[in-house]
């Protein structure tokens, strides 16, 4: 079951022609979907078979129906749009602050020595706990929601960036310095690419938490968004809407990961041989 | 070109975890005039890489003084090019981009720096591998990339740590001859660490033998230049010098 | 001890990203009887490490057949010990524990395996560094640890990839003599890759020269054993053999 | 003596209007009627209380609007009495208020001035029904304002941070906003716009088996109600112990509002209130179907208590004859 | 001026190497001062942003009445149970996904999918399934801890130089021993970061969970008070949680990191 050999080596004969590329793409997509197909089938079969009360877990068709309804009257799209915007803004803000901070802490013992204590301290304070205070500072509504998402992504990306920087072999940094790399070049040419595998993993986990933060944050001051949708559904025991919301979030995130993060990874750290191909 | 002065240099590694001190370089002094080619030999673990790292400004020294071109060494800089014992290529850049890195840092435009890189790659017989990433190269190829990366930056001082250790005999000779040729043209100050006694004598104006962190002896190499293997192989003085250096290393 | 048979072996690396093929080994055949010591030489990038990786079972071959002791190679195993060109020490184990790793895997008790490890470390003149971690060693010291780690496991087949490239001349000679001594005692089958022509001749029963993924020529070394540098250095046959091999490598 | 007490586990939400329950426990009213009541835990919301009821963690809970959704989703709930509401009149909302920021153009007492404003409410709760009622009363439609969802605890911050122009909520949020948000305006408090929904609730199978216990329980909490009506200050003090963070002055003000609608009795008004709430939610599209209120309100236990212990209700207004009910009453809208 | 600052800074650095605890406390001083000034100036009404003194006072009362110690104990028990299972499941799963192509194929999409669906989204359904007890809390914390641990472990496993695997295999390590001898230590720096992230977020999830399903605990305390309109307990809760985490991080995680990754030269200091 465990495969250790031939992980760095190429696979001869693959992708020779356009048709082969196509075939590969189809097969990897199938592989990607297969686990979900299994889950769906289990769901479609088991829930009716055991006659599960819809309050405990909804039937597949009820969820599909709820999805169709939401699409038809346009509300689902609105919710998705609003949530996506908030997550994007919050996450981007977090990345803009987290990556430089992580690098600064990875490079400078003085910076990390001074910032580590408060950083550790604040890293566990949940977004929702901040809402009352954050809304005083950043405004109720968009400001507070963005802050909660920011808070969810920021720490995890910083830690991962920090680790990424500190696992770059010292000699590689030395090499760049002796070839004349200044601070800026060191950052863009060495530290960023070197830390990239870790940064991507940080973003991957961070974004997961961004969605969670969003759900919590959209309880306040809003009448649109997936978190809001879940919240109202919960008050009326609409489990099919809850599950629909969960699925939508999962699917959005999968798309993001597969269309954005995974290709970045393939084109960079895997291409460079810094991590073994999956 | 810059001269290099080392005065009463010491370096002690302190192992925080084991709580033990390892003195790698002790009270070493060395004077290298600008444009000289110095070969350094010495048994494994005698402090050669440590010395080089201090000259390059990678690690601080414990005591003493290092000046390059009259300026005390504060940190790494492009005036001192380094070839690493462990290659230290950038895995995230192609071979071409690795070699073009130095010129890029100097602000050389894309077209020109790629031309420079291509020229140096041709010299190391690596033109065919220009577009590959380091992890797709053989060991010897990676090492040669490391060498030409440092050369392409045309530094005042070249610090080379066993740069040809993993290169085959034939390529090695070519590279050695190329290196002397480049040196004669540009006249950088070179510190060249090697375990190959013949190589040390072939390349250097002087061979410095180290032992246990100290300079054991210095041997001037007064062979005429340009030096070519085919001629030197038969040369009695060359052989005699090699024998003396080997003797030194053995006794170290 | 096991014999090694290679028949029509090929290896093509496929670069998924660039979409290009690199054929590192092509249609190679080689027969190594049990207990033979074969040196392999050849220019950088000619496929030596690739060949070794396939024998070790690290990477699959594209075509052909490799058998060790009559069994086709399916994957890595402790019957084939490997010394890596890039050392590949375990950074999380001390030098002693690195060397004791193989015996530990065989289930040797702590006291005994540490004794074994200490003996081998003494052989490589590394006793003083037993408690250190690899990142605290000099390059040559790390390489020697890699060598004795493979030796300490006493494998049937020893696959060594430029094991002495970073070791100084003196230590190198000692290690070469030690290696021949061990080989004469235990008689493992050895595949020894080197760029040092004299080393190839000194150690091998046979020198195989590779070029562009193919066997260029094989030269039998019929020098008497035990071989000692002090004697061979003066030996005409030795020099002639070295000359022939060098000729080969140059033409490759 | 305590050995023959009947054990009951009851759930509540930590809020001022739920306090009769802990008061009855603290002052020993339940023992008087032969019950040993444990308060399971203060749940976060009515939804959680009902979930706990479903999970069998409690025998009875106190909840309001969320029970509608639960019944529609197949939970067979029975409403046994009111912890907050009014049996004598159609409207009862003294614990609710609409608070606005100054400078928003919203005028005290003028509901029309809400037009175009952003108002926070808690969707799916009585707050939501209240603002809908206010809009209707002011001649506005929900489309004339922007309603945003906000949990009651966040209301005051929302107002202070100017995230909303106004909010509707139950106590103590309005009391606190008036105290802590500079310039806050109480646009309207109560006003009998809607009828409060706050029921003692249990699952039908349990109700069918425990009639006697239910009556003992209702008697106990009714006595606590009466005590609370008579001793609002002391009741508020008990409240500060059960609701951490609740300040005495806030508690007292909230209690004053609360006792105006502490009435455990059930009349036709309560049927109508439940029916009306469903009707509103359905028109809003929040729920698709409605249930028959007659199936889920079981008045016979409280009616028995009213008959057996009239003194417990003597300080309340009598229920008008046209809405007074007898066992077997059937509500027709 | 600049030189003065530099000198002060180097003095500070020397001080902190002598007494590390100084380095722990000093960075917080400006924060506390800012907090104190803002509240003293009444930038926000005190009801919305209480000052340090209020928080200390409420700490005193809550400790005196015994509420805080009880709640703290409950929270910690939940966290320990949840984190324990999160780690026990997360690391093996991460190793599996990192090592086996097949497991990666099947599990990776699922992992990505479920990691986005936060604990809070699950809560409504979980409480219906498991009720309002320790089980629900444990599930939520495990759910939160596990993803950072898995993802970082996978990355760690995949970043081990391939020659490490090869060396161990050709020295006779069996596949199971590889796990212990090569994969775990090699991936350790990443696993530690995963743990740090995972435990940190588990701590956060605990708060969220206690709001909804708790009867006790720090999160419950914070939000129960919040429902009654008090912010003091929120701030107090945050300070307690932050401090506790600081202790866990610097007394447990950081020393492990120093003794492993840094000691081995896998990460530079």
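Per-chain numbering from 1; labels A, B, C, D and E assigned in written order.
Here is the rule we use: a contact is a pair of C-beta atoms (placed from the backbone, for glycine too) under 8 Å apart; a residue touches a chain by one contact, two chains touch by 3 or more.
For reference, the UniProt names are A = Taurine ABC transporter permease; B, C = ABC transporter ATP-binding protein; E = ABC transporter permease.
Quantities reported herein were computed from a predicted structural model and do not represent experimental measurements.
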Separation of chain E (ABC transporter permease) from chain C in steps, with touching chains one step apart: 1
Which of D-E and A-E has more C-beta pairs touching across its chains: A-E
Distance from chain D to chain C - Cα centre to Cα centre, in angstrom: 84
Centroid distance [mean C-alpha coordinates] between chain C and chain A, Å: 46
Junction residues of chain E (ABC transporter permease) - those touching two or more other chains: 44, 48, 124, 128, 162, 166, 169, 211, 226, 263, 266
For chain A, residues that touch 2 or more chains besides their own: 8, 55, 132, 136, 170, 234, 239, 271, 274
Multi-chain contact residues (two or more partners), chain C: 13, 15, 57-58, 75-76, 86, 136
Parts of chain C lying in touch with chain E (ABC transporter permease), wherever the complex brings them together: 53, 56-58, 75-78, 80-82, 84, 86, 88-93, 101-102, 105-106, 133-136, 149-150, 153, 155, 159
Chain E (ABC transporter permease) residues touching chain D - in the complex, by the definition given at the top: 44-45, 47-48, 67, 124, 127-128, 131-132, 211-213, 215, 221, 223-230, 232-233
Chain E (ABC transporter permease) contact footprint on chain D (complex, rising order): 14-15, 40-44, 47-48, 51-52, 54-57, 152-153, 156-157, 160, 172-173, 176, 179-182, 243-247, 250
Contacting residues of chain D [partner chain A, same complex]: 45, 47, 54, 65-66, 68-70, 72-75, 120, 123-125, 146-151, 153-154, 157-158, 160-164, 286-287
Chain E (ABC transporter permease) residues touching chain C - in the complex, by the definition given at the top: 161-164, 166-174, 177, 181-182, 185-186, 188, 260, 263-266
